[in-house]
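A short write-up of the structure that comes next.
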Amino acid sequence: MENIKELILAKVSDAVIEDKQYLTVTVKPEDLRTLAKMLRYDEGFDYLIQLTGVDYGDSLGVVYLLAKSEDMAVCIVIKTATADKENPTLPTVSDMWKAANWNEREVYDYFGVIFINHPDMRHLFLTERWKGYPLRKDYDAGRDVNPLDLKSYDMSDTTVSYVSEGDGIKKIEKNLFEEEDYVVNIGPQHPATHGVLHFRTALDGEIIKKIDANCGYIHRGVEKLCEGLTYPQSLHFTDRLDYLCAHIYRHGLCMCVEKAAGIEVPERAEVIRTIMDELQRIDSHLIAWSCMCQDMSALTAFIYGMRDREKILDIFEETGGGRLIQNYNVIGGVMADIHPNFVQRVKDFIPVMRKGLKEYHQLYTGNVIARERMIGVGVMSKETAIAYGVTGPSARASGIHCDLRKMAPYAAYDKVEFKEIIRMEGDSMARYMNRLDEIEESLHIIEQLIDNIPEGDFCAKTKAIIKLPEGEYFQRVEGGRGEWGVYILSKGDKTPYRMKFRSPCMTLVNAMDTISRGGKIADLITIGGSMDYIIPDIDR
Amino acid sequence: MKSVYNYIISIFKAVYSLAQGFEITFKEFFTKKITEQYPENRKTTLVTFDRFRGELVMPHDENNEHACTACGICMMNCPNGTIKVVSKMVEAEDGGKPKKVLDKYYYDLGKCTFCNLCVLNCPSKAIHFQNTFENSVFTRSKLQETLNKEGSKMREKNKE
Amino acid sequence: MEVKDIKIKGISYDEFKDNDSLEKYVEELRANGVGIITGVLDDIINWGRSNSLWPLTFATSCCGIEFMAVGAARYDFARFGFEVTRNSPRQADVIIVAGTIVDKMAPVLKRLYDQMAEPKYVIAMGSCAISGGPFCNSYCVVNGVDEFLPVDVYVPGCPPKPEALLYGMMQLQRKVKMERFMFKDKEVKENE
Amino acid sequence: MFDFSIWTNWIDQFLRTNLPEFWALAIEFVVVGVIILALYCIIALALIYFERKICAFFQCRLGPNRVGPYGIFQSVADMLKMLIKEIIPINHTDKFLFYLAPFFVLIASILAFGAIPWGNGLQILDFNIGIFYILSVSSLGVIGILLAGWASNNKYSMIGAMRSGAQLISYELSAGLALMTIVVLSGSMQLSTMIEGQKDCWYLFQGHIPAVIAFIIYLIAGHAETNRGPFDLPEAESELAAGYHTEYSGLQFGFFYLAEYLNMFIIASIAATVFLGGWMPFHVTGLDGFNAVMDYIPSVIWFFGKVVFLMMLSLWVRWTFPRLRIDHLLDLEWKYLLPINMVNLLVMVIVVIYGWYF
């Protein structure tokens, strides 16, 4: 890493380099693109993991977290800020990392920062009529500014981009669709969008010409809410982001706070967390499988998947006290010790699941109709996946090693052995098979741990009020749909100054347009099922 | 010739794969169904786990006494203002310092997220979650409950 | 017909919660000069309507998964005749608002409700739909769908257990059985 | 075998002797019409219940069981609700066609329904071109679906209707050719003659290999014609919300719903009549005792037994497979079913010419 420091300084002489959790480089906005270009093309930092807007009070900044696709554990942080709070502008990096496209729109939504040369500077989550920028510290959250409006407005059909010309900034508007396009609205209320997502799909007969995805139909302002809550209180939001990976996400936030506050988690809690994480992953993949079958209209398969999932939910409910959302992790460990029946129930569940998997393969994987619909449909090349920052089973289907449980092990993952499932095809079938194979691997992990839960405390003693020392903290965990990350900027208070969640599903939906063009409407549904996104996770 | 061969083979393969699916559903047709018949099984086979959090309750003993000291820690810990503790000052009978006692303990079931922070942080173990789930009502105001019963008192420590 | 005569298989009248609201509702209908369930024909029609409440497939977040679970094998709302979830609001009888409704979604939900054919009902499922739940202090979350929809039954929980939703559906059945067909008394509700 | 025509002839005679011919005919028409409509409703309701129950069993759940004993009144409750549900008038639709479309679908299925031989002597229409008649009237339904999709002024409906058009027109070919194979064998298009021809041995066995192939193709094509999964592309719930009937509510939707189930019944009963001998009992040449026992079972029961069996097959398919994509659907028809069918027809002709059938 020393080498990189010198290279950066050679390119951008006044960059400030700090050794924190990750190497952190602070640059001026005008040097941002130079540095980004170097890191992207020369140093191989081709993954844009997170892009976070921050209101520092006197300036508006953006924090970029970059990683390498060769080794996901190697990360670098770039920071930049603009002091102009009236008309803040920053250069875009969306031409280098396509993942930045939506992230920059999100920053525009939250802070009003305009990214110069960004192709599509519309609002992402909020409506066009929204006044103010909610995540700025001076935003007054009163409902009288933005009252509830029940009128239906037409959606704008133009994209806006800002180009710097001479001294000024020019606004360019382009039409989203061509005049004669047959545009079908898939969503926001549609059975196959897995929530309230809105695809405006331009069709040529049955063939998809273009998709314009609209989010924000369940934008709940979680990040703003977190700023007003203490760390234990903000935990309950993570369960409700991606409700199918409730446990994993909560685990991630807990770990982040524990690391920052220097809390030692007992070994027993680590193992319990790992087992619960894997059960949750199986649950999540089962839902993914079921919903994909349902999208392709195999209702019976859907019900078989849901049937086997109920067994996991019983385990959760008995130990954690909730079916879908357990609220089981707390800072320092887990809320309660495992239920006496826990071990037996898990042991009973493993053979049932194995049998179930066999059944799924026989019923569905081999089925000629399903195969025809999945093989070669929605091919996501390795380059596309990297450009959009796609992670998780979907990226592993395109041949990218990105399993954080292997790359940057946390909890008890370094004590168990398991395979990282990689496929090269990148089509819907590969994504589908990856999920089923990962269930098998998760079972294998649980088998190794279930008999070896160490004795001891289930939760470390923590102070009544947890304050994090000043600084920035990152934590990344492997969720059911990809890498979930949390970024906490603390100013030493009991509440975070800025908390940001990295959503794996956002990258998936962002990539939908590219990979489903040229397919049929039915393919869009199949691809959506195989990508398996959860909308509240995107919208936060 | 090869293509004709492949054509015929593909038909047989397809039929075989469909037959596999038939086999699974056929077997399932005759296996025992797993449906739990909810309202009928309420008194017999319905299992609700002890730890399941259905609604917050404040246990009262036979003397209509509870353990809440009206300290308000639960109210502070609640992330979204579900709990509201209203206390009042009562003159002590022996003329000593006025004491803070619980007047009303408001709890909004329709807002609760069941995060358990109130119960975990309660110093006097005055509240806990109960596993009842049959709480549907026709009016929203019915969900705003007062947990302490009419005329209830705080349990004296020395009685225990 | 008295309120007490309404029977739901499996649970007796006294075991149901919130009977007084139901009785109050009936009295209000009477006070407005509406003869409550007079003939055998009405009884038959209400029997049909209450046993065939087809929900709209509508879900925004977590509660949607529990809604799916109710449809799946273990809880199986087909037993009650609610199984035919319609994707088109025109054919649905009840909209189960499962999940948070935010400012951007509210007009869409309102429109969906308007597209439904009478008689139609609304169930608010989960804390978010009842009051905004975990997100009630947020800058863009609707604090309860009853701000713009006439909610018939509130099912608390975050998310509610599948059984709790079934219980809520049975509460709705009781309410449906109270009404005279072709007359859904929305005005009374708005007066409240 | 009891011949129901004794009854019907007696009624006819009775009316004609007591009334002028015009009135006698008028009364007969009304009675027959009422019977058809009543049967139509009863069968549709029974089928809806039947399907829900069977589907539930495939999916390891119980299905309706709270409305009446075993839930048998479930579909009655649905019907009652549907009857009083509001019919929403929709702006920007082609009003006339919009209201006409459900009737078209319904009438097409009623017309085909009228020509089905129910039992020995129980058949309302017995043309000498019976099969041809059924094929042509059942394909009228597609017009209703196209109208519904077009008149709704809804993009989902439009795509659904276009899909339906492509699908029905292609599969009509296969269904027709498959039936033609048996027409070659039987030498008649009249349903009653065809049933008589199966007195000793059903056509499925008489025509052995080519008949079996035609039977399978007819089941596939017929299933596709009813727009039910895995061929339910015009509705395609996960893609097009509710396809061509997205905008229909209340009773109009009820018509589509009924017609869908009745079409399933009609396809099954044609297959039963043409391939499995209709109401004709199962006879084995030589075993007279066995044949006599078989004759003892009423012909109506034979007919319904066969139809229910075929519908079970259809439901089994429906609840096992995922939906096809539109291009695969057309591939299946034009690349597989149609060529096989044509070769099969030729084989059948050769079989018949050389007399290689039983």
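Letters are used for the chains, namely A, B, C and D, taken in the order the chains are written, and counting of residues starts over at 1 for each.
Following the convention adopted for this analysis, a residue touches a chain if its C-beta (ideal position, glycine included) is under 8 Å from a C-beta of that chain, and two chains touch if they have at least 3 such contacts.
Keep in mind that this is a model prediction, so the values were computed, not measured.
Participant: Decide which interface, A-C or C-D, involves more C-beta pairs in contact, and give its chain pair.
Facilitator: A-C
Participant: In whole angstrom, how far does the Cα centroid of chain A sit from the Cα centroid of chain C?
Facilitator: Each chain's C-alpha centroid was found; their separation is 34 Å.
Participant: Taking the mean of the C-alpha atoms as each chain's centre, how many Å separate chain A from chain B?
Facilitator: Once rounded, the distance between the two centres reads 29 Å.
Participant: Suppose each chain is reduced to the average of its Cα coordinates; what separation in Å results between chain A and chain D?
Facilitator: Centres of chain A and chain D (C-alpha means) sit 50 Å apart.
Participant: Mind pulling the chain C residues that touch 2 or more other chains?
Facilitator: Those would be 9, 72-74, 76, 79, 87, 134-135, 137, 158, 161.
Participant: For chain B, write out the residues touching at least two other chains, lowest number first.
Facilitator: In chain B, the residues touching two or more other chains are 18, 21, 24-25, 28, 33-35, 37, 52, 79, 113-114.
Participant: Out of chain D, which residues touch more than one other chain, so two or more?
Facilitator: Expected reply: 56, 58-62, 65, 237, 241, 319-321.
Participant: Going by the touch rule set out above, what shape does the chain contact graph take here: line, ring, star, complete or other?
Facilitator: Contact map by chain: complete.
Participant: In the complex of these two chains, what residues of chain A are touching chain D?
Facilitator: 182, 184-185, 190-192, 203, 206, 293-301, 303-304, 307, 363-364, 367, 369-370, 372-373, 520-525
Participant: So in the complex, the part of chain D that touches chain A is made up of which residues?
Facilitator: Interface residues on the chain D side: 55, 58-61, 155-156, 159, 229-230, 232, 236-241, 319-328.
Participant: Within their complex, state which residues of chain A touch chain B.
Facilitator: 229, 232-236, 300, 304, 307, 314, 317-322, 325, 327, 330, 335-336, 339, 359, 362-364, 366-369, 371, 464
Participant: So in the complex, which bits of chain B are touching chain C?
Facilitator: 33-40, 42, 46, 48, 52, 54-55, 79-81, 108-114, 133-140, 142-143
Participant: With touch defined as at the start, can you tell me which chain C residues reach chain A in the complex?
Facilitator: Residue list for chain C touching chain A: 57-62, 64-66, 68-69, 72-74, 87, 89, 99-100, 102-108, 110-112, 134-135, 137-142, 147-148, 158-159, 161.
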